[in-house]
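The chains carry the letters A, B and C, assigned in the order they are written, with residues numbered from 1 in each.
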Amino acid sequence: MDKPLLNVENLSVSFDTPKGVVEAVRGISFQVGQERLGIVGESGSGKSQTGRAILGLTLGRVEADRIEFDGINLHKAPARTIRAIRGRRISMIMQDPRYSLNPVMTVGWQIAEAYRVHTNATKREAKQHTLDMLATVRIREPEKVYGLYPHQVSGGMGQRIMIAMMLIPGPDLIIADEPTSALDVTVQLQVLAILDDMVRDRGMGLIFISHDLHLVSSFCDRILVMYGGQIMEVLEAGALDQAEHPYTKGLLNCLPDIDRQQGTLPVLRRDDAWMNRKGGAGGDVP
Amino acid sequence: MTDQPTETGLKEWLLSDTPQSVAQARCQRLYLAWLSFSANPIAMLGLTIIVVLVGMAAAAPLLTGGDGTEQALANRLQPPSIAHWFGTDELGRDIYDRIVWGARITLYIVGLVAIIVVPIGLLVGTVAGYVGGWVDIILMRVTDIFLAFPRLILALAFVAVLGPGLENAVLAIALTTWSPFARISRAETLTIRNAEHILAARVQGASTARIIVHHVTPLCLSSVIVRLTLDMAGIILVAAGLGFLGLGAQPPLPEWGAMISTGRQYMLDQWWVATIPGLAILIVSMGFNLLGDGLRDVLDPRSGGTS
Amino acid sequence: MIKVENLDITFGGGAQRVHAVRDVSFTVASGESFGLVGESGSGKSTVLRAIAGLTPGWRGTMTVAGQTLSQRRDRAFHKQLQMVFQDPYGSLHPRHTVNDILKEPLVIHRMDDDERRILRALDEVGLGPAYRFRYPHQLSGGQRQRIAIARALILDPKIVLLDEPTSALDVSVQAEILNLLSRLAREHDLTYIMVSHDLAIVAHLCSRIAVMNRGAFIEKMSDEQLRTGTPEHGYTRQLLVASKGYDRAAIDQFVEFD
């Protein structure tokens, strides 16, 4: 298998609070290739902080041995290098397009700007590329949507616009932080289908961060299960029933299953011993 | 629960995750707010200035020789010296004494205005925002009317009718200051109105009055307090202006604005008579401004302040 | 226990007119758990809020415990019917302690014996007296929702409306809250109307389910019917398929239902 796109070694993120230091991520390591990697965890597991730390977008203190992307150690690189990579080669899609799109600019303008910033294209070229991109994310009437403002578009369309904006510079790796959690379930799947097609067509890597274990396991190739800032287990997609770690198994068990009648749902029992396993490795790219 | 916790015990008590009583819970909130506030040096400077002001006012008899009203014409217009730290004014009164006793007047003005404008502003704003409809329209037009009055003109009008005096000046200032507080409260109320905890209160059967007083008003307080401290500077200056025009504090009260007014004529040769009170006003205004800025950083829910 | 007939609700006027609920009718028997399922904008939460008295201007007939409801609700009504909201942080007042929050309904209804009732309510939802004086921001999502449930139960109502009570919670916490709700329903013989977008949760907790889309009922069924995968309407079938996870081929078959 080819070289991984991203190689993270011993990543830690911590925050200083009046009550002491809070460690959101504790020394995790993993690699991402041209695949769809899912990072699953509940709130407080550190999954979002991991995604943000890769791009240097977190407010916490980041420590790592390496965060290597295409031979560059992002952790030690100068600000100018990181700015060139951010957006252009590694992109990030966030949860709610109502908050991640600029409300005072039209969506078309924002996408075109994203293109121009990274490629020095002219305004006309950028607009044309934008319209093409809107068609690629299956928005009908791209000309009309180009001139709309974020508050005028629905959730699903907003997220497709977000995807268009983040993919237009042609990145190699996308980090998607709960990209569909704010959407209805049918719209969620439609948006994921678009993401799926684009990732496949362009040979990109995708890090998909979510709390929804079932969704991630049906969408991604590999899954990292995080808890308390550490990786508990690495699973191949579709191999959920072979999960070994008690946290993963507990998580799977406590979901209500529509296919059977359950009296009382089994409750996840947290074991402090899980926290003692330092770091946790996410396995190499297969 | 121990009554007199030790040093480390106190800190633990303040940071504990399981408060045992209402008092402890409230103390904890104040303590965390204090930690956040005291981390800001500029805010602490503002607080220090205000504390000094209050201290001066409280301890005035201890800090001064007289009460600043004794005249000694033989001693008039003396420059600052060991005997008179800030010099003497045109009637031979010690300026240092007058500044210290004037602090009381400044606090009196500021306190009286605050006590009048905050309740009125909160009441008008929250009722207008929560009830909406005609009540909102009428209350807001009333607010607009008061907002349109220029302070000095209103003060002149009051003085013409009621005679000059400190209380009348304060009344004039209060009547032209409460409007923005009503607007702020209304804006906050409009945001909060459809929050789920307000809906929950409605589902529990709370009356409109109870919701406004117990649920809405506490959430408006932060913005109002910040606005108040930032307005203090303006209030002091207006009071000083009124004093300057002879509309506020009457002689021989050592009100700082009035001191500037009478000292104006001696500006060139005896600069200290007008400049020292001017500096006092400057410092106190700045102190309130800095305090207000610091409080806003701590209390503003949007910037993620404590709770 | 609850009977809703021809409920119709429209918001706004002119260009902004939204016909949120269209001619909805259903009944809920005493002690039953009834589920309302739909996607966002389906009107399910609006129906719940109308029953609770939070949306004036509704049309139709609603009867609760034999009493026909008017536009305004009286205090006695609120003693019988309570509601748990979706956002555990938003539904607790940020400046009130747990004690204040639980005491509020007691004060409004002029009930005495606060101390005992508050401690009992905390105990019933599995939280000890240690939580009594905390502020909401010192509680986890699951704990906040427990407080919200305790608050709803402190007046001993017969009916509890649940508006997506677990949507904002972690999966492991969700299971605890669902178990708590089941247990409380059994112990106090409560009647629930639960709104959710999640079919599995509704099927787990409710015995009868109605599916809503764009303000109207699409179909009503029992949880068994949902479970065995035999809904009649295409919209429900599509929802069922979507709830099973990502299936590229199936997604291409999705259609818009109006």
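One rule holds in what follows: a contact is a pair of C-beta atoms (placed from the backbone, for glycine too) under 8 Å apart; a residue touches a chain by one contact, two chains touch by 3 or more.
These numbers were taken from a predicted model, which means no experiment stands behind them.
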Separate pieces, if any, that appear once chain C is removed in thought: one piece
Pair joined by the larger number of C-beta contacts - A-C, A-B: A-C
Geometric centre distance via CA averages, chain B-chain A, whole Å: 49
Between chain A and chain C, centroid-to-centroid distance (C-alpha), Å: 32
Overlap residues in chain A, where contacts from two or more other chains coincide: none
Junction residues of chain C, two or more chains touched: none
Contacts with two or more other chains, residues of chain B listed in rising order: none
Complex contact set, residues of chain B against chain A: 15, 32, 35
In the complex, chain A residues that touch chain B: 18-19
Complex contact set, residues of chain C against chain A: 39-40, 141, 170-176, 178-179, 182, 197, 199-201, 203-204, 223, 226-227, 238-240, 242-248, 251-252, 254
Chain B to chain C touching residues, read off their complex: 17-22, 24-25, 29, 195-197, 199-207, 210, 214-215, 218-219, 301, 307
Touching residues on chain C, where the partner in the complex is chain B: 49, 52-54, 73, 75, 77-79, 81-83, 85-87, 90-95, 97, 99, 104-105, 108-109, 130-131, 133-138, 148, 151, 155
